[in-house]
Amino acid sequence: MSAILEINGVTAGYGAAPVLQDVSISVPTGTICAVLGANGAGKTTLLRTLSGLLKPTAGQVVFDGQDLREVKVEHLIRLGLAHVPEGRGVVTELTVDENLRLGGLWRKDRADARRALDEVYQLFEPLQRRRSSAGHQLSGGERQMLALGRALVARPKVLLLDEPSLGLAPRVTAQIMALLRQLRDDTGLTVLLVEQNVRSALSVADEGVVMSLGRVVVSTSAEQLRGDDELRHAYLGF
Amino acid sequence: MTATEEVENTRTQGATTLARASTVRGGAFGRTLVRHAVYALVAIVVLIVLTSALAGTGNTFLNYQLAMVCAYLCATAGLTFLTGINGQLSLGHGALMATGAYGAALTIRALADRGIEAVWAVFVALLVGVLAALVVGAVIGAAAARLRGPYLAGVTTVIAIVVPAITTTFDGIFKGDQGLSFVTPSPGAVPALLSNEEWQAYLGIGCAVLVMFLLANLISSRFGRQFRAVANDEVAAKLSGINIARTQVLAFVVSAGCAGLGGALMAAITQQAAPGAYSLTLSLYLLMAIVIGGLGSLAGAVWGALLLVALPDLSTRITDSLELSPDLAQKLDGNLALAIFGLFLIIVMIVAPGGIQGLVRRLSGRLSARRRSAGS
Amino acid sequence: MDKLLSLTFIGLSRGAVYSAFALALVLIWRAARIVNFAQGAMAVATAYAAYSVTKATDSYWLGFVAALVGGLVLGALVERGVMRFVDHSAPLNNVIVALGVVLVITAIVGMIYGNQFLPFEGPFDQRPLMVGGTGLLSPYDLFVLGTVLLIVVLLALLFTRTPVGLRMRASAFAPEVSRLLGVNVAGMLTLGWALAAAVGAVGGMLVIPTELGLHPHAMDLVFVSAFTAAVVGGLDSPVGAVIGGIFVGLVLTYSTGYIASDITPVAILVLLLVVLLVRPGGLFSTTAARHV
């Protein structure tokens, strides 16, 4: 199985002290890879570096055969890399429909953008009902759906998800995880899932990466992480 | 130059005082006070020597310029205190100078009407100018304490435009666009010993050194830390028990008093108070002077005041030397200085936010580092 | 009664210009969180361009187009060449740099055209049409009102109905998210400045013929009035800017009509202070003002 996303020895950070140190992760095509770790482990910084919001001081990121150091942030979505930032990134001043359309604005083909939008509305029934509500009127779960849906309008190959379960009820989190599994199975979507909610993430993940203080400490299959008590106790605290 | 060094030392001394404040507050502050007093005395002596040396050149204009630098310094130091230390932006300090100028002008004229033309009339006039600016400053400050960023800038801009316009609205008192002219009393009994310009320079030196001395002490005092704290982080300042509104109003009042003294001085030196001299452009000039001089330290205000006198003079010399047609010369006159100021302002803000004083500090830091490495 | 009616119409026409100018301020505030203190000076510069073109071609309308295009170019230039490089962490910095732009523009137009007033005519008669013995709107007032209405409608359509408008709004509200979604945020910012400067240029074209003439400081008082209008309406609200402009126009016209002809600056100061101290977020704001 080939890896659609290769992170090779990336070091990055803000100011003098690097947050990420020599991080290497390989994400196979069509899998869900969970990146786990405590607060401050560098998970969000990892995603920001992947999408170019932060420039790595060393190492490289290869997406679909292309070195991302040469790609502008604004072009990633055209290549098929969608990043749903922490805190959901819904533009609260815009309506649901405007938020979703934003995800397809980069397309030259208007009809195609329209079709992608309709697909997402079919996938998320609740959004359909609230399409003219402003973002700030939505519940936390609806916002997460909207952010996810907006990324899907771009029909990405890889989805970078930052803490989708943050502040959501367990039931809603479970729905979102189920949806990710469905997308992987039906469309072959690759997901890099950053989570503190280890149980939820491991329930859908194929691969598991544990980070601590900016380094990768464990990189193995999700199944092994689920099964190996010692590993879980040592790094994930349960 | 001496004045600059003095203030620079004062500044670092102030910082040291801050560091030790918690343990030896009283003692350290007392020492700072003494040191500031010594610097002020040195500055006065040096400037007096400079004044008589300039008088010796026979070019009275030089002492007039020195007096103007002192008048501007009062205002730029006040504005530095408000904007650089306390973080409140004022585009209305030209208007506060106008308040001081008209206060002084009206006083001198009123006293002259009663036949009083003694030297003390000048001091009374300066005092009235300061008081007038203090009152106006308190009113603006009370409003300003509730405003932030662009809102404060907007209100003070309006003030800068409105105050000169008021002189035409009430032209019975202020005589409209023509303004008030008068003769500033001077110790004329000994004209051979003391020219009018020399007298103006001494007057200016006295006021400027007083303002610098008071502000330097205020900044290094316990209050000074509060003013800075409010500028750096309002929330943190509030959480540590500082009354934000009171601090801001106080800063505005102090700053307005300084600007008022500057304006009153300027009136006394030019022997008139007219709205044209205190337009919005003057307010912009003052702000530009402290930014280019170096926001955040009184030394920057000294550089700024020097620039305010030197740059227009320089640009006039340039246009004069080019032997242009009268029409073109008239167009360039003033506007050239304006353009240079504007460009400097933008460049300094983007490239060297520390201003001239920042560059001086970096240079002297490098020099002393080299000296140290050479010694070891 | 006749006086009230006639003042009301004058105030509406005057207010419409403030609306346009306030709208320009709001556009940049929303896009960049900057109050563009150089707006007045930039409008003056474009009016001088119009003056030269009109003088050369003898056509007011070519001058008008020159101002419009000049505004677009100047706005983009100021953003790309200057404002982009400012450290935005302290709001003070933006204001100071904008003031630097004011100084430079004022100096340059002064060097080219001199500091005296230049005659600047409008395309229509400014004498009011008489209706039943009362002077109401002049043809020029109608032109002003129509132009401002057109600007408002076009801007509303642009922002709510077009993909570019959606991009601009998204960039303003959430720049990072917008970049991740493929929006050229930097480009949208430049476009915002260009549009705002063009709107400001039209505002200048409309107001200068009603004043003493063209002068490097011709827009100072207009800028201050428009700033007041934008504050009245809330800096974040385009609708508020339009209403605020009309409101300020009416208040100023009534006060000059009923109190004293040279009261305008004082009236602006009083109005601005009252609004800021009573409703700092603007009369039409829905969100509470920031309290520390």
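Each chain gets a letter, A, B and C, in the order it is written, and its residues are counted from 1.
Here is the rule we use: a contact is a pair of C-beta atoms (placed from the backbone, for glycine too) under 8 Å apart; a residue touches a chain by one contact, two chains touch by 3 or more.
A quick map from chain label to UniProt name: A = ABC transporter ATP-binding protein; B, C = Branched-chain amino acid ABC transporter permease.
Bear in mind the structure is a predicted one, so any value in this text is a computation, not a measurement.
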Middle chain, criterion being Cα centroid separation: C
Chain located farthest away, centre of subunit C as origin (C-alpha): A
Centre-to-centre distance between subunit B and subunit A (centres being mean Cα positions), rounded to whole Å: 56
Length of the line joining the C-alpha centres of subunit B and subunit C, rounded to whole Å: 33
Whole-Å gap separating subunit A and subunit C, where each centre is the average of the chain's CA atoms: 43
Interface residues, subunit C side, partner subunit B - complex: 29, 34-35, 37, 82, 85-87, 91-97, 99-108, 110-115, 217, 220-221, 224, 227-228, 231, 235, 260, 262-263, 265-266, 268-269, 272-273, 276-277, 280, 290, 292
List of subunit C residues in touch with subunit A within their complex: 163, 166-167, 169-170, 173-174, 176-185
Touching residues on subunit B, where the partner in the complex is subunit C: 83, 87, 89, 91, 143, 146-151, 153-155, 157-159, 161-162, 165-166, 168-169, 234-235, 238, 244, 280-281, 284, 287-288, 291, 327, 330-332, 334-336, 338-339, 341-346, 349-350, 353
In the complex, subunit A residues that touch subunit C: 51, 53, 73-78, 82-83, 85, 89, 91-94, 98, 101-103, 105-106, 150, 154
